[in-house]
Each structure stands twice: as structure tokens, then as C-alpha cells.
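Here it is, the structure, as C-alpha cells.
Naming follows writing order (A, B, C, D and E), and every chain is counted from residue 1.
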Amino acid sequence: MHDNVVFNNKVLPYFLLAPQLVITLVFFIWPAGQALYQSFLIEDAFGFSREFVWLDNFIYLFSDDEYWNSIRVTFVFSGLVAFSGMAVALLLAAMADRVIKGATTYKTLLIWPYAVAPVVAAVIWWLMFNPSIGILAFLSWTLGHQWNHYVNANEAMAVVVIASAWKQISYNFIFFLAGMQAIPRSLIEAAAIDGSGPFKRFWQIVFPLLSPIAFFLLVVNVVYAFFETFGVIHATTLGGPGNATRTLVYKVYEDGFVGLDMGSSAAQSVILMILVITLTIIQFKFIERKVQY
Amino acid sequence: QTQIQFWHAMGGTLGDLTEGVVDGFNASQDDYHINASYRGNYNETMTGAIAAFRANEQPAIVQVYEVGTATMMSAEGAVYPMYQLMDEFSSGFDQSDYLASVTGYYADPNDNMLSFPFNSSTPVLYYNREAFEAAGLPDRGPRTWNEMEEFAETLMDAGYDCGFTTAWQSWVHLENLSARHDVPFATQANGFGGLDTELVFNDELQIRHVEKMGEWQQSGIFSYSGRTNEGSSKFYSQECAMYTESSAGYAGINANADFDFGVSELPYWDDMIDTPQNTIIGGATLWVLRGHDDATYEAVAAFFDYLTEPEVQAQWHMDTGYLPVTHASIAVTEDSGFYDENPGTDTSVRQMTAVEPTDNSRGIRLGNFPQIRGIIDESLESVWNGNATAEEALDRAVRRGNEQLRRFERAN
Amino acid sequence: MIENRPWLTAVRHLVLILGIIVIGLPIWIALVASTNTSASFVSGVMPMWFGEEGLNNFRRVLTNEGRVLGVGVSASWMMWNSFIMAMVIAIGKITISILSAFAIVYFRFPFRRTCFWMIFITLMLPVEVRILPTYEVVASLGMLNSYAGLTIPLIASATATFLFRQFFLSIPDSLAEAARIDGAGPMKFFKDILLPLSVNNIAALFVILFIYGWNQYLWPLLITTDENYYTIVMVIKRLMTAGEGNVPWNIIMTTTVLAMLPPVVVVLVMQKFFVRGLVEQEK
Amino acid sequence: MATVSLRNIKKTYSNGFKAIHNLNLEIEDGEMIVLVGPSGCGKSTSLRMVAGLEATSEGDLYIGDKRVNDLEPSERDIAMVFQNYALYPHMSVARNMGYGLKNQGLPRDEIRRKVEKAARVLEIEHLLDNKPKQLSGGQRQRVAMGRAIVRNPKVFLFDEPLSNLDAKLRVQMRIEIKRLQQEFATTAIYVTHDQVEAMTLADRLVVMNGGKVEQVGPPLDLYEKPETQFVAGFLGSPGMNFMPARIQGQALLVQGDHRIDLPDMAELAQWDGRDITFGVRPEHLEACSEAEADFHLKVDIIEPLGADTLLYGHLPGSDSLMIAEQPGKRRYTRGDVVPLRVDRERLHLFDAETEQRLNE
Amino acid sequence: MATVSLRNIKKTYSNGFKAIHNLNLEIEDGEMIVLVGPSGCGKSTSLRMVAGLEATSEGDLYIGDKRVNDLEPSERDIAMVFQNYALYPHMSVARNMGYGLKNQGLPRDEIRRKVEKAARVLEIEHLLDNKPKQLSGGQRQRVAMGRAIVRNPKVFLFDEPLSNLDAKLRVQMRIEIKRLQQEFATTAIYVTHDQVEAMTLADRLVVMNGGKVEQVGPPLDLYEKPETQFVAGFLGSPGMNFMPARIQGQALLVQGDHRIDLPDMAELAQWDGRDITFGVRPEHLEACSEAEADFHLKVDIIEPLGADTLLYGHLPGSDSLMIAEQPGKRRYTRGDVVPLRVDRERLHLFDAETEQRLNE
């Protein structure tokens, strides 16, 4: 217990905490409160008139198909990003785990995409899929499919998912690999003695032991897809075609900064905050559990 | 020297030309200096300026597209109406010199000009003359949509990937379509009559047109490429031989297309009307924002005066394809022989001024129009990709658009 | 070694190499594109091999020759802005977090829990979910178009505080006790013991936070209207939409390469710390 | 160089847990006191209160003549060796050892001189520039000792300083600590839960249990005359054999039917008929002739340790384990029945209820 | 249920390190062999080769009559208990124990039956549904044993299965393992570096050093007649005292001037004048009268262990440590000079150079 190690100083801790607390208060707590307040208002774009409308903004949102569509899009998008990024990473990690020669080289060559900004990744993939000149669109064309993400909703979704997941592969890979390397060798050996072959060992021993990490990554990836992929969408599909890729965060931005509908945007912020808090609590519950593991 | 912030949305070639005009003004005198800065597309520029206004960081001049007009008009505390500004700081301002069709769009009910019509455009059709020749088509654009279909099929038989593509789908294929056929886009004279307007563009004409476009998208006659003017690249690369785009597309096409092209009027449905109405204007105007000192406004007035000079106007018109907005500048252009040397360049002016505007062709003034554009874009896209029928999509767009109108009405 | 089957090893290498190719493809594309002319992107399939224009493109972008970037500032200036942003955020976050973690772990004081939870909450509220109000707060503080505005609101982070907290908790109590017996007060303990012990964590965090700061997109997009504060990442999107649909892919990709170069170099050079930092953040 | 007195010390943790009930202990100058007891009995708590790392809830604490309850650890003139050594990982051995002196403001070369002297005594001079992680467990232990020695404190405090070492090294370092403590003649309090360590190091042993002191005294006194069944069981390895018994005149009836006559034990008479626990250490069960036998042990397991042999088995008709330790020569096999005689001088009787010792 | 033969086994690791030089060992059916030796001597390597977890570089390995060099671990019919137990953390105790059987394709209820039987033997029936993390160290150890037992293998392999337990539990589990192995009469190879564990568990002991076997035999044989100085020093705690000596006629001159007459040792004559190492175990140095004394030990440190007392000291005029172990009764004080006599029957002579045993 850390109960022991205490320096007996009355004011010092407050000084130490002050910078963080001030910034938290000014840039987090205050805006969050502001968002809550604004979510009860309807304002004009310039902020000349405002009307207190109670929950109208929320009612409007939840009675709007568009909002529900956005929710659906967000979940589909996040699910796909998380799943595809994790699946590829798991495969690569499983391969890299037991490689002895060249392990560090492989690792180095696999982790750098983490450093690439989502928006940059998106722009490059967007080019590669460009229906007129993109190499991947061309490939798809040679396979008999006319790729056009400007029109085809699924294809647009595919591009933003790939661009977003691509960057996450490195992250997931690092965790899966660390997880696998933390599994005691003797466990694998025990399984070998118990008569299970390499594939069986992976699915029956290694994978279950990775499941806490997989769960952690799932949450992280979902949070990433929810909130950090704004740039991906903003730089490419702008939420389209139709409303096929308009995620919740993009919609907050669009309604707030493009539509200048402060009330609705604030209401959406409030909903998102509730969502993030829920996700974070889930994540923490889980981390607490894992500590005992 | 007074420094003035001027935010605009002119990228690419148009951006260079805009800088050129500004440089011209800066060079013409020593008292003021305009700092022009590109703020992204129309939408980004406008919303950026509003956000900046809320944060007290607004520029003196902001370029706002026609879609934002209602929003700007309703923000009385934020904008400095042009007529007042000129009244106070300029001597030579004469509203009557401006084309009525232009001032009509940007004036208050008392017909006072609220913003400066810097770059007004109207949609036209560009066609690839070399392609037309290769396909054995006449050297003119299709006059009607039916003819458009025929031409496109011929082009495709000749090996072209697509018949035509478009920029600004809502502007060209709904707003101007309605005006050209003298059909209302919204009630209350397309919104000029008051905030209690309602959208009505889900009528027979529009449904039919969109339905047809949807079919064309499937068959390749039409190729959708984006909400603003991303389609240009398909025209430049000769993937599509026809292109419905703003008259201001001229500058870019001129700079980027290494083939001969022609300009012709926007087609119409000849089985629905005999003579088409005028098209409506688009493009943008310059709004002056409040919150600056008199020196600044003096500079702004001087800048506007400079822009109104017939030579400046005419040059701008000839470089960009934007409409000349004063009678004097039209005369200057005609005198210069530009139209004769570049056949088709007068298309936009003719198309705009051919007939007397009606309530349905004067323009469109809707609150939350940027969002409504977005809604329309989405709905059209869902037709292009086959997820909805034209009727469904337009009904939906009207319904959701009306919600936006009501929200705007409530906020203002 | 159990089951040291050669074919299994071969499959492993094969899959890994394939993975590297697929993952590396985008960077290949970007590099190739940055060496070609814009004409190569008008029709046909984009170039897949290097062109001659590389030096030219980079020079034009870095100096913004002929306003290729469509803005009034050069890529080198924007990279400088990005660098400032990344550095200030990284160093600021580390400083603020290590101090607050120290307070939380090594002191007992009234409202300790409250403070802890308040910091914790920030973890839950990424900028993206509270865009408008945060923008308005920054605006009302007059911090638009300033380095302060670009950095300070992003400096408070629960993640870094948490990482340090976890690390401090993993330091045996006896170390602090030994220091107390050795006559070291709290700040002396912090300076003599805690700080030197944290260097690895600081380095690890630095990598991650540098990347975080460099890659910021939405925030600079919102709060800068003055070109002098543009960052390299945010300008790319602007290039995409400029120019009437004639997208200057070579210029965009040149900018893209410049935008990803510094963080990628940081990751590769500090790979060891980076991997540790990531994995430890989870704990 | 000081006495240490703990007078009516009590400790209640902030969560309300009473860790120490009432501790009284007078430690003489130069004496080595070992606190021993099972995990959680309050050994560390007691030590840490002396160090000043934990506040006392009640009572008075003196080092020398000074009441130190309210002094900071650094002002108490003590030095402490921790279980994990608590070396500063980023400092060299020399800086580790000198850190306390530096904080006292001593000049550099005096620090250097003192550190070198201590290092010489501990034979770690060649390691002075190394970092702790470059050292073996034993070497770290020495450095931790060095850090304590160099400050020349009034009292050494040790909290299980050897439990992170492997068995061989532990024995070796145990001797080293004993040697050093004798050399410096510094008062020392040593905490361990290992009874062998406790027995071998202590001048006086304090056996604790559940926050209370069970018995205090020189190790062999406690070994030979444990006041409670707890102390009897705690000291010695393998542990004492305990069996339920009943006193019947001048004899014990162990486990119902094994009769042990004790004609010489005069006190026995007064407890006639009483239920007791009978205790005998394995080494006090000697193999004997059939005729002399008190018990017959059926051997299950034989552990030849070289010098001695341990026999694990049970009495016929009983389940409970009995252990006997025999000197080395004879070899046994599994299943042997060995007649054993209890050393009459070395048996222990405890009240079955209070678990207090009965016989002298 | 099988013999195990290691014939000319060699192991060179992929980095070129020769871990095992030439290992020959014939293990009988039902025998418990303990491999013991210092860290890094190749014990685990040998064991893992038998398990099939490590390939042999040369030589033949037989289990029963079958050459198993090229068989997978699962095909060798062995079971192994790991130092860290290697329990599958995500499976219940029952599933852990049954996993091997499941892979053999046994029907569910037969698995259940076997698991329950093994659990009963180990007294962990009540834990069958628990996850490993819910178990104490000792319980985990039992489960690991159970997993081995349940498969009824031909050979049990243990790699330091007790070193993660604390001292008390270690003793207890040691007895348990011995009991189980005796009960199942399964051939077993047990690796440890703890000589007490080795002595007490082994039917035969294999002492290894630097990749080679030093000596093989029953524990007490090795203890009493170590073939090499290494074995002599490795077994026994505290370790044997070694002193340089020279043979002079029928006597030894130990450390120059301590004369020990050995009139009965006939062989001595043949080594006249030779330099040797003289070894005697602490327990074979008995306190005696002045007249009988071979050595006079000046006592530095006394360790009363209860049953015995250890005396650490040195001979006057010498620096090297000497340890004597005395049975418990007498009390010593520091500085005592104790006359000691070497047990003539139990002394050890080693060639000073080859370190091989000389006397019978």
C-alpha cells in the first residue's frame, strides 16, 4: 500500500497540481459545461439571438433519421476499422512472434505507419483509389469492377475504413506482439507435451491469453475510429456519397462549423461525451480486472 | 497604410486571378493594402468568417456565395450594407449602373444593394470540340436534354468513357433547371417573399430530370464526380466530353485543357417548354463586416470603386468567365472584340439577359441554404448510386430541407 | 525448439513480407508521386515509378514557389509551425503531467480524489467531441491565431498523468523511504530520484506526444485563420480542393511526404522507447 | 551507540486496523534484537515506527534519551536496510552510499573518504562506480549495508534484508551481518520471519504474533523453554511434534494410549487429570531398544540430509504426522517401524486451552 | 513404467555453446533420479532433451525400448512439471488437468473420471472449478502435479518444481512429491539446484558440473564418499571444510603445522609427500578434550540453531574460515577457543590438482 509514502507538506501538492488543474478547468470543464448549456439553446449563426428551448435540440436529433443514420454509420465504420485492423495485426504478430532471424527488421518495417497522421493516410489512399487514375481502382477495373467511391457508398466506406485501419495496424501489432512475447514459453511447451499442434496451440492457448489485450485494443480502436478519424473523412468523402460516411464526430463538426447550428452541435457534443465516458468506464473496468490477472 | 483583411474562396487559377486584381488595386494607390487570403471553398470561407465574427476576429471583407445570402442578410448586426458604406465613404457609387438581374439578387426589399457582386456566374455547358469532331457531331453543344442524350451516346460509341459530368449538381440540375423551366424551387417567390417559404422542388419536372440523370449515371452517359467542381478533372482528362459548370469554369478550363473547347447554353426539356427562361446567377459577392474602424471602411469603399471600374470589370470577366456586372463593362468587353475572337464566351451574358426574369427565375433566397444544399447533394447521390428513386430522394430532400427552413425561421 | 518445421518458418516470412509490402504501398505511392509532374496525374493510371521532378517539386513546395500551395506561406514555414506545436505539446504535457502525478502519488491532501477525478475526466473528452465550445473558449481568451492557442488547450492530458502515476506506483515505496531517511525532502526526492528514474518514460512519452502534436488536424484547422500559423498537416486537405478539380497530386504528395517525414523519423529513431511507451500506456 | 525504548506503543492504521496492541521493549546499547513472527504479525510496522516512516498512534519512543516520536526519519540518526535494498537505480554505488551524507551537507572529499572506508570493510571497493543493476544480489545487499554503515547511525534497522537472496547466499550474508554488527557494536533491530535467521542472529529474540509480543529472550532460552505453544512451534525446523495428552498421576497418556512415565517431575501431581498438549522436538525422539520405547514410528518417508536423517511417519492407529531426527549413521527404509524414546529432560507440556507452558 | 537411457548425449546450442558434453545415464523403471548442480550446469537442458522440447545434437535417447530422438514431445509419453507450473491461466483446474487427455481424444466422462481421481489423490477436489489465479502457490503446484499424474505417463519430468515456493511450503511439497512418486512408482527425473532437495528426494543422485556428470549414486553414498572435491563441497550444509595439506608418512600436515595421525589408513604410504586437499564436514569436527584436539578453533560467530550449534571461526594464525557443528546442549561465547577432533572415519582426501578423491 502506498499509504505509507507520504511527504507531509500542506501546500506543495496544490502548486504541483495547479498547471494541470487550471488547463483542465479552462479547456475541458468549462467548454463541457458550455456545451451542456448551449445544447438547450437555439441560436442564429452569428449569435445575435438565442432562445432557451429545453430539450428540443435533443428531441430534434433523435427524431431525425439522419442522426440515426449517423449513429449507424459510426458503428459500422468503427466496427470495420477495429476488426480489420486487429485481424491483420494479429496475423502479422503471430507470424513475427516466432521468427528469430530478422525479427527487429520486420518490426521496424511494420510500426512506422503509426506516425502518419490519419488525414495524410487518407489522402494517399484516396489517391490510390481515385476512379480515374488510382492504381487500386485500376486493379479493380482489370478485375472487372468499375470502382467509383464518389458514387458508390460501400466503396467510399471501404476507402475510409482502409485508410483508418491501415494506420492502426502498427499499434495493434505492437500490442499483440508484446502480448505474445509475454506468454511464458513454458506454457507453450506444456501444451506441446499435452499433445496440441501449432494451430491448436494458437487458438486454444495463445489466443485466449491474448483476449484481454484484444479487448483492450477493441476499445482503443473503437475510440480511435469514433473520434480520431475526423481528418480521414474531412479530407476525402466529406461524409458522402449521400450520407454513407458521415460519422457522429463529422456531423458535430458539420452542423456546428458548416451549418452553424450551435444548439444541435452542442447537443451532439453532449451525447458524444456521454458515449466517450461510457467507453472509458468500460475500458477502466477492464483494466482493473486485468491487473489482477 | 491601412491594412484590410479580405477572405475569399478562389482557389487554383481563379485564386491567381483574384490575387492579380488585388495586387492591381494595391499598386494603384498607396493608402490602403488589401491582404487577400484563401480560406478554402465557399462553404468553409463563409462559415470561417462567421465563426471568426463570433470570436471577434472577422475580416473586413468576406466573399460569400449566393447560397449564403439569406444568412448574411438576416445578420443585420454583423454586416455593413454596401449601399450605406458607399454612401458614406465613396462618391462615385451609382447602383443603377449595375445589371438589374444581379442587384435584384443581393438587394433588400427596398432594392438597396447589400453586398458587392464581385463574381457572379451562371451555369453553361462546355464541350470538347475535338471529341465532337472525332465523333462526327456538329460543332455546337446540345440544345436540349434529349439532344444531350443522343450526343452522349454518339460520343460513347466513338470510344469516350462518359458523355457528360457536372459541377454543382444542385445548382445546375435543380435550382437552374427549375428557373429555366419557370417552375418554382420554393414558395414565396423562391424565398424572396419571406422566411416562411417552403421547398417544392419535388415536382414533375425535377423528378423527371433527376430520374433521367439516374438512368444516365447507370448507363455511363452521365458520370458523377463530386459536389463542387471535382468534375473538371474528368473534362480536362477527356474522360467526359461535356461538362455543365459555372461560366467561371472558363478560367480553369482555359488553363488546363490542352484541346479546343466550346461553350454553349444550358440545355432544357423541349417537350416541356418552348423557350427557356433565363438561368439564375451564382458565384459570390463581397460582404463587408462590422466591427472595424472608419479607415478600414474607407479602404473597402476604395477597393469596391476600383473593382467597379469598367476596365477592371471587363478584364475580370474576360479572364474568368464571371459575368460583367455593370453596363459599362459589358460595353468595354464588346468593344474589345473579345466575344468575336472567342466564340461562345458571351453565352452566359446572353443566357442571363435573354428574357425578363420571373418570380421563379430571379434567384433563390433560403435560410440555412448551405445545409439544404448538403441535404440535396446527399439525396442526389443516393439516386446516382441507385439507393433511391428520384421521387423518394426529392421528397426526402424537400422534407428535410423544410426542417432546416423552420429551424432558421425559429432562430431568426 | 518445438516443431521447428521449415515450411512453417517459410510461411511466416512470406506472410510478413507480404504484410510489409501492403503496408508500405502507400508510402511508395507518395514517394513516387512526389517525383512526377502534375500532368502525369491527368489521365491514365498514376505513375508507379519515380519521375524526374522530385527535386523540383520539393523545392517548389518548400519555398512555395509560385504559390504552389495556394497559401501565402511555404511548406518549410508550416513544418516549423508543426514542429513548434509538436514540441510544445510534448514537453508541456510531460512537464505538467509529471508534476501532477508526483502530487497525486506522493502526497495526501484534502480533495486529492477530486483532483484525480477531474484530471481523469479529461481523458474522456477528446477535442473532437467538444469542438464548438472549446473553440469559443479559446476565442474568448483571444488565443485564436497564436502558438498558445495551438498548444495550450491540448497540453492537459490525463493519459500522460496516468502513465506517470502508474510508473510512480511501480517504484517501490522503500525508495522514497530510503530517501527520507537519507534526509531528502519532497522536491529533492523528485529532482534527485524520481526525475532521473523517469527518463525512459519521458522519452517514450515524448515520442508518442510528438506524433500526437504533429498530427493534429482538426484543432489547427479550427483556430487558425492567419496563414502564418498553418501547420503542414492541415494544408494538405486545402490543396485537395483547390484548383477547380485539377488536383495537383504531385504537389499534394510532396507535401504529404514532408508531413509524415518528421514523425516517422522520430518513431524509427526512437523505436525502442516508442514501443515501450505504447505498451506501457496501456497498463 | 544508543539504547532504544518502546513504551506502550500502539499502532492503528488509517483504515482502522490495529496492527500493534501494546509494545514494550527496552533495547540495550549495542544489542541486536530480532523481531520474528509469521507474516502480518506487525514486525515491519514496529520497525517502521522506530524509523519514523510510520507514525505511532500511542506511546513513547526513545532513542538514547531523546523522545523521537515527532522527529523526521532523517533526524533520528538511524539507518535502515530494506528487503529490496532500495538502492537508487540511477546512481553509482558510491553515490548511493554517499547520498545521505551529501544531504547532510558534508564536503565532497569527506564523503568520498567515508564511502571508501565503508566499501573496504564490505569488500566492495571495486564496485564503487557500478550501477546497482550491474551487481549480483549479494553485492546489492552489501551496498545496502554500506549505505547504512557509512552514516555511522545510532541504530541499524533491518527489514528482512536477506529474503531476496538464495539459500546459500543467505547463509553467507547472515554471517556477514552478524560480523559487522559485532564489529561496529551498533544497536540493531532486525526483522525476519525466518526462524533460523532469527535464532542465529539475535542477542535477544522477540517473537511476535498478531500484533502482540509472545516472548522475549535469548534465542536458546526461547528454544528450550518456549512460554507458549506458538513459540514452541515457531522455532525449530522441522517443527516440534505436538500431541494431545492427559496427565494421569506421574505419567502422561499421549494420544490416548501411549504412556510416558515422568516420576521425577514433581509438579505433575498438581495437574492430575488435566488435558494438555504434549510437545517434543524431532531431535529429542531418539531411536532406542524395544524395551525403552515410548512410541513406535511407522516410517513413510526418509530424508537423509547427510549429517542427520529425518524420519516422517505416524504412530500405528493414528493419522497425525510425527517427525523424528536421527544422527547420520544408520540407514532406514520405508515401512520400518522405529522404536523411539522421548528425552525426559526436553519435553514440553502446554495447557490445552491457554496454550501456555506448564512445566519448568 | 519405463526405463530411460541417455547414451552419449551431446548438446550444442545454435549459438555454438556446448551445454552438454557427453551424457550417459541409465534410469531404471520406477526410479527417481535427481539432477543437481550449480546454475547453468546443464540440468534443464538435459531434462528438456528427454522431454523433446530441445533437440539432441548427438547421441541416442531411449524411453523403454523406443528410440525417441525424433518424436514430438506429445508422442514420448512423458509429463512435465515446470518451475512456474505453466498452468493455462484461462482454463479451470479441471480443464488444465484434462487438456492433455482431451487432445488424445478421450471421451469427456472418462477425462472427468481420471481428473477427479487424480484430484482426490492430491486433495484438490474442491478446487476443480477454480482458475489458477485463484489458487495459492502450493495449490498451483498440486495442480501442476495433477496434470502430470492424470496422463499416467511413462516418465515424470520435474524442472525445479519447488523453487517458487516459500521455505515452509517447499519442505511440505517435497514430502508430497516423494510420497506420490513412491505411490505411482513412475520413473522420474527431477532437476534442482538445491542440495537438500536433491539428497532427500533422490533414489540416485546425478551431480552435474559444467555440462558434465561428476558422480552418480545414492545420495548417502555421494555424501559419504564424494568422488570429487566438487561433489564433496556441493552436498551438505554448511559445506565441507577444505584445507591444504601434505602427506607425511602415516600423518597429514594440515595447513602446514596441524598434524593428524592416521595409523590405520594403509593407503597413505603410497602418497607420501604428496600435496592434497583435506576435507572434513562440520559435523565431523567434535569438541573434545585439550589432549585429543587436532585443531583449536577460535570462535568468531556462534549460530545456535536449537538442535545444533554452528561455530564459525578460524585456526590461530590462519585466515580461512572453519565451521564446526556441535550438538545442542553446550553454550558457547564469542572468542572461545574450542579444541576439536576430526572423526577419523569420516575424513576426505583429494588430490590437490585433479581434485579426485584419494582415500577409500
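Everything below uses one rule, namely that contacts are C-beta pairs under 8 Å (C-beta built on N, C-alpha and C of every residue); 3 or more make two chains touch, one makes a residue touch a chain.
Since this is a predicted model, take the numbers as computed values, not measurements.
Q: In this assembly, which chains make contact with subunit A and also with subunit D?
A: Shared contacts of subunit A and subunit D: C, E.
Q: Write down the pair of chains with the top C-beta contact pair count.
A: A-C
Q: Using only Cα atoms to place each chain's centre, name the chain farthest from subunit D.
A: Farthest from subunit D by mean C-alpha position: B.
Q: I'd like to verify one number: the distance from the centre of subunit A to the centre of subunit C, where each centre is the average of its C-alpha atoms, in whole angstrom.
A: Their C-alpha centroids are separated by 16 Å.
Q: I'd like to verify one number: the distance from the centre of subunit D to the centre of subunit E, where each centre is the average of its C-alpha atoms, in whole angstrom.
A: From the centre of subunit D to the centre of subunit E is 27 Å.
Q: Taking the mean of the CA coordinates per chain, how far is subunit B from subunit E in Å?
A: 93
Q: In whole angstrom, how far does the Cα centroid of subunit B sit from the Cα centroid of subunit C?
A: Chain centroid spacing, subunit B to subunit C, equals 40 Å.
Q: For subunit C, what residues touch not just one other chain but two or more?
A: Where subunit C meets two or more other chains at a single residue, that happens at 2-3, 42-43, 136, 177, 180, 222.
Q: Can you list the subunit A residues in contact with two or more other chains?
A: 4, 132, 189, 192, 257, in rising order.
Q: Among the residues of subunit E, pick out those that touch two or more other chains and give their numbers.
A: Each of 52-53, 72-73 in subunit E touches at least two other chains.
Q: So in the complex, which bits of subunit C are touching subunit A?
A: Residues in contact with subunit A: 2-3, 8-9, 11-13, 15-16, 19-20, 23-27, 29-30, 33, 41-46, 48, 95-97, 99-100, 102-109, 112, 115, 118-119, 121-126, 128-134, 136-138, 141, 152-153, 155-156, 161, 169, 173, 176-177, 180, 185-187, 189, 211, 214-215, 217-218, 221-222, 233-234, 236-237, 240, 249, 252-253, 256, 259-260, 263-264, 266-268, 271, 274-275, 278-279, 282-283.
Q: Which stretch or stretches of subunit E touch subunit D in the complex?
A: Touching subunit D from subunit E are residues 167, 171, 175, 178-179, 182, 194, 196, 199-200, 219-220, 223, 235-238, 281-283, 300-301, 303-307, 310, 312, 325, 327-328, 331, 334.
Q: Spell out the part of subunit A that touches subunit B in their complex, as residue ranges.
A: The contact residues of subunit A facing subunit B are 42-49, 51, 60, 64, 66, 131-132, 148, 150-153, 238, 240-243, 254-255, 257-261.
Q: Could you please specify the touching residues of subunit E with respect to subunit A in the complex?
A: Contacts found on subunit E: 51-53, 72-74, 78-80, 82-84, 86, 88-90, 99-100, 103-104, 133, 147.
Q: Within their complex, state which residues of subunit B touch subunit A.
A: Listed in rising order, the residues are 43-44, 47, 50-51, 53-54, 71, 74-78, 217, 224-227, 230, 233-234, 237, 239, 368, 370-371, 374, 377-379, 381-382, 384-385, 387, 400, 403, 407, 410-412.
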